[in-house]
Every structure is written in structure tokens, then in C-alpha cells.
């Protein structure tokens, strides 16, 4: 599985990302509310550019299966996730106009523009690998937090967030994304002993950088 | 309305496109079946690249409204229109594998790659203008054919095609696309007396070329 | 060598391209002048878009060597070849304004936009493979025509054209392009038994289509 | 002049950029050498992506003049500036392999990927406006530092840097870029009272963000 092979190449960055203080504090219900609100605002901006990146995946797909899958995801992100995010944020006292007026933080902009550039300079596989820390990482974070003894659901103001990413629907979405990654890799010439491919160093560099930039996103969350 | 202003600049090409023998023969029920089957096969390939072009519109959008609208359209094209096209084609004796194996005709490839390049070299407005002959023209064709005395519904083997493009749903979709065109034009600095903008010659050239290439698509339909 | 492996997959298309009546008539000095003038006009438009495609190769490069090589080529095409083309065309009675006013022929537009789209949807290797029939094929055409008993230099009005493409400088440029193709292929995971890579079918399809479109370009030359 | 109108919209950011402590310390000869070496290493990486952004300008140009101008610049950056940068850096004890191994700093990556994305999502004008703080700002910085009483040439280890950007060649290059900006603006529908165009808010937002990201680049220089 390509995703596992990529993680195995940068275990330190990966652990730093999926066990970041931001998500651990959130799971323990100890994250300052100001941090969470800051995160919600940035996440709104993030969603829009993340959807643009998946739209680029549609542009770069040739297999009908990939076209359909990414198209459904782009629509889900913009026409389901964005409205849900607005509703959820409203319960945290954040209006749509406040979210829309959020100046994009540097750490936020950096990740999505890096992903978009990987997509533009590379092929569909480079793009999906750059997206993987987000597309697949959030599901792992949700799963691991649920198994973490420090995690507290009862009375945790962020419980809904946790249950979203640990939930079946999100886990299944991530499984579909992982399958796509392997399918596209095979089609783009990476299969079998992936680490021996001439592309491997570049793919690892993309994955490592994207993971590092995700850590930067959590850091930003802790520093409103 | 930008669309009307564009058509007014190339009335000959526009009439040649929307009153092309291919659609008139189809409406009169006189189009050879081999032509229609050829068209169905090419239209399948066309749909995939047309969806890619709208995905590029998502990549190039910044307004949330544009992101949502184009995302819904990309999903509609790939996850609703493509399956419908397969079902419809099956009734004409064309299997999915036959459609998938269709070699893309030059006239087909030319239009979508031209549109994609206009999108890549220009901005969202250039892209939408290149898409307009298809996005808005089919609705006009449907409407005009329905009002044409030569059109015959009773016993016409292509009746379903006619009713699709003349139907309310399709007409409304085109109206939404026309509104988006004006909205994006305003945002991209083209409003009021559009023909006096420094961009006008380029926009007209794009629209004229795209219309010409649509004529080429109908020509291809007549020559399997 | 990737180029040889690609040609071996579509020998019929390749022969059809490099031994096309257009170039054989040209080499024999029997090509109607109207065809050659038509070709010169279209070739001017072609050069501009061909340079855009190599600029896309710069956008898509990461290795410094590739960045430099493609950058030099883009500059050569636009700031050396274009002025030379104007000078040469002037001797055939074609002014710069006439060349600039040339409506791009469909067969011309089709090839460059196809190449640009392969570059946008794929990676640097897909782009270079789509460019190969032109970047490498012209040198082969020049070489083969020089060895062809039907070729006539003495009194041939197109002698300069022949000597350009058969000339050392052009041959060396093609050799550099072939080397780059292999270098990029290795970096993008295609080396050793290239035909066994999961990417091979796509690369062959791109090369075959691009070659077919080049034949279309010669056809266009014969039909002003 | 578009450039002046853009600066007038964000005077605070612009002053913060062109009079940043990094360049003032450099001009006064008081910049720590470790900062300058750090800057040199990052600037090497920057040059490569900056050249990619100008290559995207070639991809997005249609006027022959724009194609030629940007092509010459891409070649200059990669085949003249990069070798000069290597030579210059060698005198500061930095080898080519050290420069090539430099991990790209976040602030560095952020600016170029933002510019590339503006180019991809917008048109040539959006791209040139995103490039303007660099393409035009360095010349202004050079000019202003030369006129600054705190600037010291004698014995200043960074004298060569100052003289490069204040020098005639560089000033002329910036003047050419400013002229192109106005030419492209007119062609893209922005002329006369530019601030009344529907595009103006977006152009200003792009310029302001790009300027802010340039400040981030100087900040990075101060914090190796």
C-alpha cells in the first residue's frame, strides 16, 4: 500500500503530525476555545482551496473511475462540507461573513498552494500524494484519538469534531482515497517494490513536505 | 447580457452552429442512424473532457458561488450525465465498452483541448466564454428546434434527445450559466458597454473560434 | 532509448509521418509553391504555441538541468527562430503582418493544444513524449530526405528548408532532446524494460496520437 | 501607471517591504554574515521557482511581444542569473552542492507557490501583478538604498549586491517590466481609471499579499 510505504519513509514527521499537541489537546477537551475558533475560520478558507486541488485532480484524470471519484469529492466538499462547516461554526458564534472575511494565514496558504503546484508541475499521482496527508491523515488522527486513553468524549466541547473524523463515513472516504492512490500509482508506473522506482525520492519528498506543512497548520491553530 | 453581445459579433458562425444540418435532420427525424450512433460515441468521449474543462473552472474560481456552481456541474456531468448517456446509448445498441473504446475524432478533440487551453492561458472568463457555445448553445438549439415547423416529434427516433435539450431542466441550467457569465464578467472588469473593453476583441475571438469548432463537431456527426 | 521504443510501437504512423508526400514533394522540389506558402504561414503560428508548450516544460521541471535546457529552447524558438522565420518568409513574399494575420488552421491548432493538454494533465514526461514527434521527428525527416535518391538539392526552391533540418545544429538539438527524454523518463520511473511499465500504454497512446496529428499537419500543408 | 496605482493602495505594506531592516542593514554593511549566507542559499532556490513563474507567463501570453519578452527573461534567469549566483555565492564560501541541497524555507516556498497559483487561477495580468513586488520592487529597493544616507559602499561586504540592483541594467529591466504591466493591463481590459475596474479589488489583493510575502522573505533572511 503506497500510503503505508510513504509514512514509513518519514516516521518522525508523520508522528509529529498525527499526534500534534493541537489534536491531543482537542481530544482531551483542553484546547483553548480561541484556538478552536481560529482553526474553524482558517479551516473554512482551507476547504475552498482544498476543493480546488481536487478539481485539479479531475482535470488531470483520464480513467473514468478517477474522474467520477474526484468529481464527487469536489462537489461534496463545496456543496455539503462547506454548508456543514458554516452551520457548525455558527454554533461557535462564527457567522458566515466572519468566516468569509478571514485573512488566510500563511501556514494555511502555504499547504494548499504547495499542493496545487505539485499538481500543476507533476501528474495525478504527485497531486494525490501531496493531498494524502490531509485526505488520509485526518482519518488516522480520528481513529488514533479515539483509541487514546487521554481522549475524553463526555463533556468535551470538541466531541463533534472527534466523532466526525473517527466516524464510519469519514473512515470509508479515506479508504477509498487510499485505494485510488494505489490504483493511480499502478497506472503511473509505480507498483510492486515502490521504493525502487526512479520516482520514489520525489514522491517521498512531496509527502514529507506536505506532512511538514500540515504540522504547520496545527501550529497555526495553537497560535491564533 | 454578455452572451447576447458575443453572438451579435459573429451572427454567421452562430447561425451556422445552431441551425446546422445535423440538428435539423435530427429534429426532422431524417438523420441517418449511423450518424446518430457515431455522434453518441463521440459525445461520450466529449462529456469526459467537457467535465475536465468545468473542473478547471473550479480550479480558477475564487468566489464561493462560482466554486459551488461549477463543482455541482462537474459532478452532474460525470456522475449523472455519463450514466444517463450510457443507458441511452445502450438503447441504441452501444455498450459501455464500445463507447469507452471509441477513438476520439479530431473535431471532437479539437474543441475540448481548445477550451482547456483557453482556460489555462486565460482566466475564468476566457474559459467560460470558450465553454459558452456548448453550455448555452445546446439550450438555444433545443428551443429553436422545438419552434421549427420542420421538427417532428411523433415517430421521431431522436425525440428523447430533442426533449432533453428543449426541456425545462436543461433550459434552466443554461440560464444559470448565462447569469454566471455576466457575474464573472463584472468581476473580471467587463461590464456596462462590454464591446468597449480592451478585452473584447480577445473574448470575441475565443467565442467565434469555439463556435466554429462546435460546427466542426456537427460536421463530424454527419460524416461517420 | 525511449524514443526508439515509442517509434517501434507505432511503425505505421511513424512512417506515414516521416515519409509523408508533403516532405517528399518538398525534397524533390515538386511541392506547389502555394502549399509551401500556406505551410510557412501556419508554421509561424505553430512556432508560437510550440514555444508555449516548451515554456510549460519549464514550469513542470524540477531538475536544474531540465529547467535550463527548456528555458534556452523557449528563448531560441521565440527570439531566434521566429525572427529567422520572418526573414525566410519575407523571401517568399510573405510579410510579418500577413503571417500574424493568418487564421490558425484546425490541424495546426489541434496538435499544439493536444500537446499543451497532455502537459497540463500529465507530467513532464507526458509532455516531452507529446512533443517528441516534432522535437525529434523533424531531425529524422531531414536526415532521411538527405539520404533519399529522389531528393534534389540543385535548383530545389526548398533547399534551405532541407538543409536546415538535415543540418548539424538541428541534428544536435534533436540529440539533446532525445537525451533529455531518457533522463526524464528515468526520473519519472520509466527505465530498463520501458514497455513493462504501467505507464507504457499511456505514453504510447500519447506518442501515437501526436504522430497522427503531425500527419494531419502535413496534410493541411498539401491542402491550402 | 498600474504599478504606481497598486503601490498607492497598500503604502504601509510597500514601505515595510522596500525599507525592511534586512535591506537597510545590508546597505549599511551591518547585516550579520550568517543572515546573508542564509539569504544566498534561499535565493538560489527562489530563482528556480521564480523562473518557473515567468515560464508560466510565456504559457499564458498571446501577444508576440509578451511571448518574446518573458522567454528572454526565463532564459536570462536560468542560464545567466543562476550561474552568476553560483559564482557570487562561491565567493561567500557556498558551493553549488550546498546551494542545491538547501531545504526551501517556508517563507520562500510560500511566495513562489502563491505567485504560481495566481498565474494558474487568473490570467497573465494576475500573474504579472503577483510578480511585480519582486520584478519591480528590487529595482526600487536598489534605487532607494543608493539614495539613503545610512548606506555605505566603502568597505561594505554587500556592495556588489547593492550595485547589482541599483545598476542601470537592472533598472532598465524593471522599466521594461513596468511597461509590460501597463500593456497587458490595457489588453486585459484595465486602463484609464484603473481603480474603477471590477477587477481592481482582486488585483490589489494580489499585489498586497505578494508584497506581504516578500516581507516574509526578508524576515526569513534575518532569521537563519
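Per-chain residue numbering starts at 1, and chain names A, B, C and D are given in the order in which the chains are listed.
We adopt the following convention: contacts are C-beta pairs under 8 Å (C-beta built on N, C-alpha and C of every residue); 3 or more make two chains touch, one makes a residue touch a chain.
Source: prediction; values computed, not measured.
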item	value
Given chain A and chain D, the chains that contact each of them	B, C
Partner chains shared by chain B and chain C (touch criterion as defined above)	A, D
Distance between the centres, which are taken as Cα means, of chain D and chain C, whole angstrom	35
Between chain C and chain A, distance of the C-alpha-averaged centres to the nearest whole Å	42
Where chain A touches two or more other chains, by residue	52, 59, 61, 116, 120-121
Chain D - residues contacting chain B, complex	59-62, 120-124, 126, 186-191, 197-200, 202
Residues on chain A engaged by chain B in the complex (per definition of touch)	48, 51-52, 55-56, 58-59, 61, 64, 67-68, 70-72, 74-75, 77-79, 82, 100, 116
In the complex with chain B, residue positions of chain C that touch it	52, 106-107, 109-110, 113-114, 116-117, 120-121, 213, 216
